[in-house]
Amino acid sequence: MAMTGVLRPGHTQLRVLDLEESVNFYKNVMGLVETGRDKSGRVYFKCHDERDHNSLVLREADRAGMDHYAFKVLNRETLQRLDSDLRAYGIHTERIPAGEMLETGERIQFEAPTGHIFELYADKTEVGDGLGYLNPDVIIEDRKGISPLRLDHWQIHGGDLDGSRDLFVNVLGFSVVERIVAKDGKTDLAVWLSCSIKAHDIAFVRDERDNTLHHAAYLLESWDHVLRTADLMSKKRVSIDIGPLRHGITRGTTIYAFDPSGNRFETFCGGYNFYPDMKPYVWTEEEMGAAVFYHTRTLNERFLTVVT
Amino acid sequence: MAMTGVLRPGHTQLRVLDLEESVNFYKNVMGLVETGRDKSGRVYFKCHDERDHNSLVLREADRAGMDHYAFKVLNRETLQRLDSDLRAYGIHTERIPAGEMLETGERIQFEAPTGHIFELYADKTEVGDGLGYLNPDVIIEDRKGISPLRLDHWQIHGGDLDGSRDLFVNVLGFSVVERIVAKDGKTDLAVWLSCSIKAHDIAFVRDERDNTLHHAAYLLESWDHVLRTADLMSKKRVSIDIGPLRHGITRGTTIYAFDPSGNRFETFCGGYNFYPDMKPYVWTEEEMGAAVFYHTRTLNERFLTVVT
Amino acid sequence: MAMTGVLRPGHTQLRVLDLEESVNFYKNVMGLVETGRDKSGRVYFKCHDERDHNSLVLREADRAGMDHYAFKVLNRETLQRLDSDLRAYGIHTERIPAGEMLETGERIQFEAPTGHIFELYADKTEVGDGLGYLNPDVIIEDRKGISPLRLDHWQIHGGDLDGSRDLFVNVLGFSVVERIVAKDGKTDLAVWLSCSIKAHDIAFVRDERDNTLHHAAYLLESWDHVLRTADLMSKKRVSIDIGPLRHGITRGTTIYAFDPSGNRFETFCGGYNFYPDMKPYVWTEEEMGAAVFYHTRTLNERFLTVVT
Amino acid sequence: MAMTGVLRPGHTQLRVLDLEESVNFYKNVMGLVETGRDKSGRVYFKCHDERDHNSLVLREADRAGMDHYAFKVLNRETLQRLDSDLRAYGIHTERIPAGEMLETGERIQFEAPTGHIFELYADKTEVGDGLGYLNPDVIIEDRKGISPLRLDHWQIHGGDLDGSRDLFVNVLGFSVVERIVAKDGKTDLAVWLSCSIKAHDIAFVRDERDNTLHHAAYLLESWDHVLRTADLMSKKRVSIDIGPLRHGITRGTTIYAFDPSGNRFETFCGGYNFYPDMKPYVWTEEEMGAAVFYHTRTLNERFLTVVT
């Protein structure tokens, strides 16, 4: 296999303040497909173009934020190997048995230096994209709401960015795609990492608030889809943080907004392909504005300060 | 590394009937960047968003077609390993020394069962995309002609499709993404293969004409870019085979056209991401039309018969 | 008023072979809004972004084609004036009383030299676009099928093109926007006429088959909408004549397809603005291909021969 | 003629603080075509898709802003008639002889109640769009900078909005397309007016600062062009006020930015067609944010306060 190891962001468990309000939001505004509810009351969703059973799990709680971030790996052998590699690196791992989440196999769970709980897993029931595997159509006709293609990436914040970056690069096989470097010329303020050829699968930002979520990103298919998303957000009174605009980093186009619990999410489109033989782009602290919001070239206060 | 082994289509050497006419075409109509000429008279080009020195080499000859198809691999260790793996599989390989092509390291060359000459290499001088690596802009302002982002994939024809498919899957680590299956329900008429998460890096079509090229594909950034490309092709009197339209296979959008020597090329956009845990889509022979040209649902004669 | 006289194509009465099959097509595939049925069994539709009660009336008949083509005029005074002007020009007119069509005022009907029945009317009940007139949203959320914005124009064929052109220019106030001129350098083979600043509101093509319809065109909002339309047409097995592509004439983008009765329709997007102080573009007969299908630069046989 | 009277915004004379800096901006960043300089030092430009000699005249001055706003009318008879109508309405008019501006015929000049100087003219030398009138291509290949299609509309501020609105509606034949109404339910805070079927040709905003310019708008061809414009503005360090986003009013998409003298301009795309038989949309003062910036639903301070 040329594409091996960690494949992609697979699922997350998101804390929401009011479950049914959030189910309504993710189903009718975000346009995800509800795929199940478990005995503990968690509600499962997938994007219409994802083939596995779920990529988002909502859990009602008294504060917002993300319980854990899970990557799908190539197969069970890879799961075992990465578990060993993590332990050898000095990371404590735990095994969550198959079935704890609906239609999901055994998960390896560990805490990264930035305080976030990550998971790896190899198995999740394939339910398909609704088009079938024989002579499929290219479009799903009746899509509701924003209707992103798939979960794309996360941006998360914590203090020991160096620790999490090194863990992802040296143990999990991610590549550094872009970096924002502090005025001292060496400290990473933020790093964008890819485990595939996407412009990023995860981004870490240096922030004293450990284990915090800046946003989970969902993929849109075109700049036109970005516009329709912004139109729909306004119509549905979704609180937009900023956008539509383009990122300097990844060159992707974007809108940032908030779910009813205050969790920021991104509807993202594009981004160049990055291969591990390429050098990362580097941004200076002075140009951080253009790095993130290429058009405005300045960051807004809310974008810098609100995390969950 | 999660992205390992064979990375991507790296370069091809294309035979053209009139060198200067073709240089003019690839520079001013296709909008590639000329990066050098060597002592044997070959002319080198890259796409504006590629960072390595070259992805297209033109060689004047008395018949059109492709001399060889080269994939870049992760590093020299990978190159050695794949050379061994190929030999172990029973494929004869030869080493082309570094420097035979401008700014390109040692290449491993071998003939696939369909008669095509393939190459693997690990080193090509990085010349960048013109934006620099520090605080880059997101656009290159003065782009000429079609100006694709990069070389994307090839579709090539030959008799022993099964042999080439198995070689690419079992030795080179490609995944089968989509297939067209004959009425017998088992014979692959065509297969689309990926070595990354692109919807395809190469496609093989069963055809008694061994070692033939159907098309080399260049990547466009948007459906709007597809339209501007068609407009420009008409203005420049490029011979369009078909398009703009969408593929059933890969869901990409496309135009097919011919260079002045009669070599077909594709300007391609989009395509979903495929991961090796996914099942391939299968198309029946009866739906081959929709598979290739989703809108018209029929193939044109020229598309089926003209190869170089 | 700066915009006076004849305003725009208002409604047509289309003959279909099977009424319910056609109602299903225009409602669920074309995505028009059914607004009523009258005692004679005719079914009325409007496009979602039109504000008047109807723009399409289906009438079951044993052959396809268009009964009549109606333009809305500014007001009743204009209607009276144009009736007088037509009579003064030697055209016989008839008055169809208000109410003969649902929610439609008195119509002036006359036959043009090409044999087509035209109508003028000033009154049709305003039912709105569904967004309301107070603090409207910019999008209608639940649109089905192709969902064009509005009826845009017609292309119709007949022998006495010169007669109909002169009638529309000299009596009804249309401007000639573009022309295709025969090899003799003076005979119009086709003319595109505008009564507003649209690139065309009607086109006449010289054709010995009097009173025939080439196509009725519906407006799409973007090139992205053209792509989604082609995708949907394929999924719904709509018979596509040609497209997506761009016209040389008007610069609009387009798909041509057929309704279940064999009536050709166009889904059209764009077109430059033309003002009456501008000179028409002229196309020679030799470049008729590029004039109509700018990308392919050739006309297909079906496009040239099939009318209803 | 169905399209009569006042045709469209034709030209403006803009005051700039540094002529050569501004010429460089409008030529190389905005991408207009310089068409001439006159003896008084004024520099003339047109957009690439305009056919008349000029639509922008730069005049060096010690403060920014617009000298006058000119509409082209159908012909000289219309010019005479409108001059009489203006005088009959109590407006003082003056005649500027042909030739005072390059390649421009006699102009009728008058001051509107909001303090702005308007002009009407019937003649301006037709120089074409560069494509010719015989078998034209659909694209101009070598476009520089933003390269809008044409001048589209103006938004201007002054105290006696009611006076200017009535003048434009009752004398010049404009239609009210959209309005923002104050909390008293009757006072227009802003009105959007059309003299054609464009969603607007001019907008007046109630503002005690008479004879001020909010922005001059240039037309872009697509939402994709809006994105490329924002990218280019960032690259060229153009000061962006806000955008890309969509308007509630007109439904157009937009970016607002400033020229080097601080004159705001808009790059605008889309907008529905409005006919004089339609009712205007009405926005309440409370929803003014959504009316102008549909996505953010709030106005920024700079947008509200900066005029020249």
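Per-chain residue numbering starts at 1, and chain names A, B, C and D are given in the order in which the chains are listed.
The rule is simple: a contact is a pair of C-beta atoms (placed from the backbone, for glycine too) under 8 Å apart; a residue touches a chain by one contact, two chains touch by 3 or more.
These numbers were taken from a predicted model, which means no experiment stands behind them.
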item	value
Chain at maximum distance from subunit A, centres defined as averaged CA atoms	C
Subunit B against subunit A, contact positions shared by both copies (same if over half, else different)	same
Higher-contact pair (C-beta pairs counted), B-D versus B-C	B-C
Mean-CA-position distance for subunit C and subunit B (Å)	44
Distance from the mean Cα position of subunit B to that of subunit A, given in whole angstrom	31
Separation of subunit B from subunit D, taking each centre as the mean of its C-alpha atoms, in whole Å	48
Junction residues of subunit D - those touching two or more other chains	137-138, 222-224, 231, 234, 246, 290, 294
Residue numbers on subunit B that touch subunit C, as the complex places them	223-224, 227, 230-231, 233-234, 240, 243-246, 253, 255, 290, 294-297
Interfacial residue positions of subunit C with respect to subunit D in the complex	1-8, 49, 51, 72, 74-75, 126, 133-138, 149-150, 172-175, 194-198, 221-223, 246-248, 251, 270, 272-273, 275-284, 287, 290-291, 294
Contact set on subunit A toward subunit C in their complex	137-139, 141, 222, 224, 228, 231-232, 234-235
